[in-house]
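Shared between the two complexes below is chain A, which has chain B as its partner in the first and chain C in the second.
== the complex of A and B ==
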């Protein structure tokens, strides 16, 4: 059906408006980072600084241990995602394939964990980590983030496994695989787009956490994550928003890179062609 | 290649029994087709045979080994699935060689056997493609290739043609038949399509509600159905069913006395296949008034009402498909012009009649 010009105009206008709303904060972050600190509050505001301060990135990399913070964030996110993926692949596959008594209730129970606000778990987790001596260690946020990620990724992967025909693993078993072998050799490779999407979700969730890092890592400066580190750049009386914005851009870059790298998996329809 | 012996296999899900003491012996190299309507248990039986489902009781032997408790991969069988179940992340060659790789076969041997299977199935030019780049027919061939490359003791095929269009189905039917002739591997084939069963099988097993109705070669199945269900299931169009009162070895049909087996006494259901009715006078003639004529060129389907005395009561009918009794069909070959509403003389050979007990549905001979 051909769309009328008016309908097309409406669609384009909606897309442009949505993009503008979504991209404006990022654009403004860049403008803030590149502006001279004294130009930030001038009225009318400048939509692009007269002399962009590109040196700001080098300056904050020199002044602050941004790379250490980024490394800690990456370690925490990778650790949390690794644990979460192992657990949720097995849990999601079991929920998708095996009919056991109470299986459905168990699945819903896992999902209710996701419905609790993360802050609700801060105090009990703090108690547990203090008892186990993990306060101040990166392991505290790795495990804490995993508790947030696992419920959602388990359901996301269960949904993905549901779309994969059972005959695929049956064929693999007839071909000589054990049930475990069928999962590893056939189901997981076929699930690559689903695995990539869920891993990315977990990574972003962990990367963007502040509350847990603030609670468990405040006294361990060497283990600060990027988000926690950036907040320490805010002074009690004066805050250099240009520097903070530049640091925020550096922290956002890895996520952007990962998105670009995983994009082909995220949109890939790898299961196409396995059946009729 | 091996014989397969299935002995009193039963499958229950709680109180629901989907397979009731299924027993079958398949000879080495035989092509056996399990056929029946949806939910009759034929696919369940195949999965139990493959080891993908566990039998509640009973035993299965393939060749000299009892395989009842063996894992699917240890049974030395290959299976072709309805949706082909090709591994989407592997090339055609890797798909076909997967089973051999799992068994630790050296790479050169795998390559050689994949090449040979690809040559037999004419898919050599597709070996480096992925399943999503293939047409339905090509995928079907690759699925067959994956099965034959393993050189297993038996092939299990679960409705492998039902996703193909009508023309390709006929073509692949012939190819599978030819492949069986060539390789001689024991094959158990599941379908709901009676034409596939009739054209491909050495022997047919007709199933209904988890029970075997009859095991016979296609000709016997057609000529001597064991019961009303088999009579109705095999043949297209289906068998005409009429009721009559049998007494002293005769029953009244179309106003004339026809011989029936001496064992039949009282009400009987008489079956007459549409192709056993001929145009013009014959051994037993009657006059019919066509209510519908379908011409297919060389043959005509002539529909006419059954005489009042031979109409089955509605309670006999089990489904729309079984409610053939009220309107009869004659399949006339090379008949002259037949006009709706104009009386026409038809005839049949009483020897071709089938007599059934209306209460049990069993054939009376």
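== the complex of A and C ==
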């Protein structure tokens, strides 16, 4: 199994080159944010600014309500994930352990729902939310994001519950636990990593949404999510790319941080959820 | 319930229990309210002449005008063609790049867990942020791409990326590939890691070289994962809204207007929600067929 030094060199060179090319756009975002605005209007471009302008982040936080946008995104994601998790823990457990009439077809429906285009659901939801007065409120996207998240989380959790041996609950029930008690005291603690992965994945789905926020919240500036806020900056007549890039970094940071530090959970959930 | 004793045998083949139904109830209710009911409203709207959807008013008379108009509209067929082009180009590029990077970081070398993290990092960049990045790289006046092309001598005057139909399509495709390949990479890497090392060891003993190992061991073992992943990527492109909408809005001259974008534009740009719902319903039917296709591809996972 030993690799020759030449083969090893070749592998390292390809890995470094590939990463450099593929991650260049992220690097360029950082460079753009840290450059002086007038430097960006010069050719040839500078691949590292002479004096990195770290103050840009403070400036952009003062000029734009980015913290408000981030807060709204976080609230929406937490709300949608909480609703989705409660609902899908129960449903996933039921689909995994009980033979319920109609359970199979519900499972198939949920699988199909993962493929629904947001642009289709957004029209009737717009009508429904208008009638109920939810347009412009964060609740509109909390509920809409739940439509994105529940199909994923239910299948992911069913998958995790399937891997837990049934003997565990049987043992608990022999010891006098009710089925509900077995779920709460035995199954949930055992599947904590799976629950974390599922919740994180739901969080990422909600945080990345643009279609629903654009439709329901455009006229409610105080409730703009981070993604919606960023696109309004891009749409302005004269684009200040340094400022937009700085704002974009702040918006992307939470998800990038989750990815870099909790990748194991996130990727585990991604592959488990998609194979089902 | 407290103190009650349950004789629930979960191992029994016919496990029926009221608890199973109760646990399922919240999901059924919520899905009915936020997915199934809206779907019905959508289908209903598509058979009416509706401008802005108002559910508190009596429904308009039944008509199939929306569908007739749709199938005779050149815009619809243009959107189908754009969607198809985008799916073919972006899916093939995503699969090649994803598979290539997965094979690369599946090698044994020091720091490979870091390399795996980096190689799939664009997955964690929200779509809207990816759009910001590429809109600036492809900026007509001071964008990096024009400068690179000029310095390499590919072009002699700058390309106006967002007003030329072909160029705009290329920008959209590039952005989608960058955002989409990491998913393929992650899935393929998981697939590669599930192939037992023994297979490769045995092949080596039999004198198979690296290429033969790739063709005869990696390829057949990876095929199921790659099949499902390909369909998921296609569906993602099919449904995607934010990348195209924020990058080009479907323009110029509808060169990047996919079915998703057309649906949204008709509903919230021109406020023809009945017509837009008809496009959406057609889109849904295509999605369901694709979903069925996927299930038949991966029966062991269901």
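We adopt the following convention: the second predicted complex is superposed on the first by the 227 of 276 C-alpha atoms of A that agree within 3 Å, B and C clash if a C-alpha of one lies under 4 Å from a C-alpha of the other, contacts with A are read in each partner's own complex, and residues count from 1 in each chain.
Methods note: contacts are C-beta pairs under 8 Å (C-beta built on N, C-alpha and C of every residue); 3 or more make two chains touch, one makes a residue touch a chain.
On a predicted model such as this, the values are computed, not experimentally measured, just so you know.
Of the two partner chains placed by the overlay, only chain C lies in contact with A:147; chain B stays clear of it. Once the two complexes are overlaid on the shared chain, A:126 sits against chain C while remaining clear of chain B.
Of the two partners, chain B and chain C, it is C that touches more residues of chain A.
Look at A:178: by the touch rule set out above, it reaches both chain B and chain C. With both structures placed on the common chain, the touch criterion links A:67 to neither chain B nor chain C. Of the two partner chains placed by superposition, only chain B is touched by A:165; chain C is not. Judged by the touch definition given at the top, the superposed model places A:231 against chain C, while chain B stays out of reach.
Once chain A of one complex is fitted onto chain A of the other, the partner contacts of A:190 are limited to chain B, with no touch recorded for chain C. In the superposition on chain A, contact of A:13 is made with neither chain B nor chain C. Looking at the shared chain after the overlay, A:210 reaches chain C, while chain B stays out of its contact range.
Residues common to the contacts of chain A with chain B and with chain C across the two structures: 170, 173, 176, 178, 270-271, 274-276. By the touch criterion given at the top, residues 1, 4-6, 8-11, 14-17, 19-21, 23-24, 26-28, 30-31, 34-35, 37-39, 41-42, 45, 53-56, 100-101, 104-105, 107-109, 112, 115, 117-137, 139, 141-142, 144, 147, 151, 178, 183, 186-187, 190, 225, 228-229, 232, 235, 238-239, 241-242, 245-246, 260-261, 263-264, 267-268, 273, 276-277, 280-281, 283-284, 287-288, 290-291, 295, 298, 301-302 of chain C touch chain A in their complex. Chain A contributes residues 165, 167-168, 170-178, 181, 186, 189-190, 192, 270-276 to its touches with chain B in the complex. Residues of chain B touching chain A in their complex: 47, 50-52, 71-73, 77-79, 81-89, 98-99, 102-103, 130-134, 136, 139, 146, 150, 163. For chain A in complex with chain C, the touching residues are 1, 3, 8, 11-12, 14-15, 18-19, 22-23, 25-26, 28-29, 32, 40-45, 83, 86-88, 90-91, 93-95, 97-101, 103, 106, 108-113, 115-128, 130-131, 143-144, 146-147, 150, 154, 166, 169-170, 173, 176, 178-180, 204, 207-211, 214-215, 227, 230-231, 234, 241, 244-245, 248, 251-252, 255-256, 258-260, 263, 267, 270-271, 274-276.
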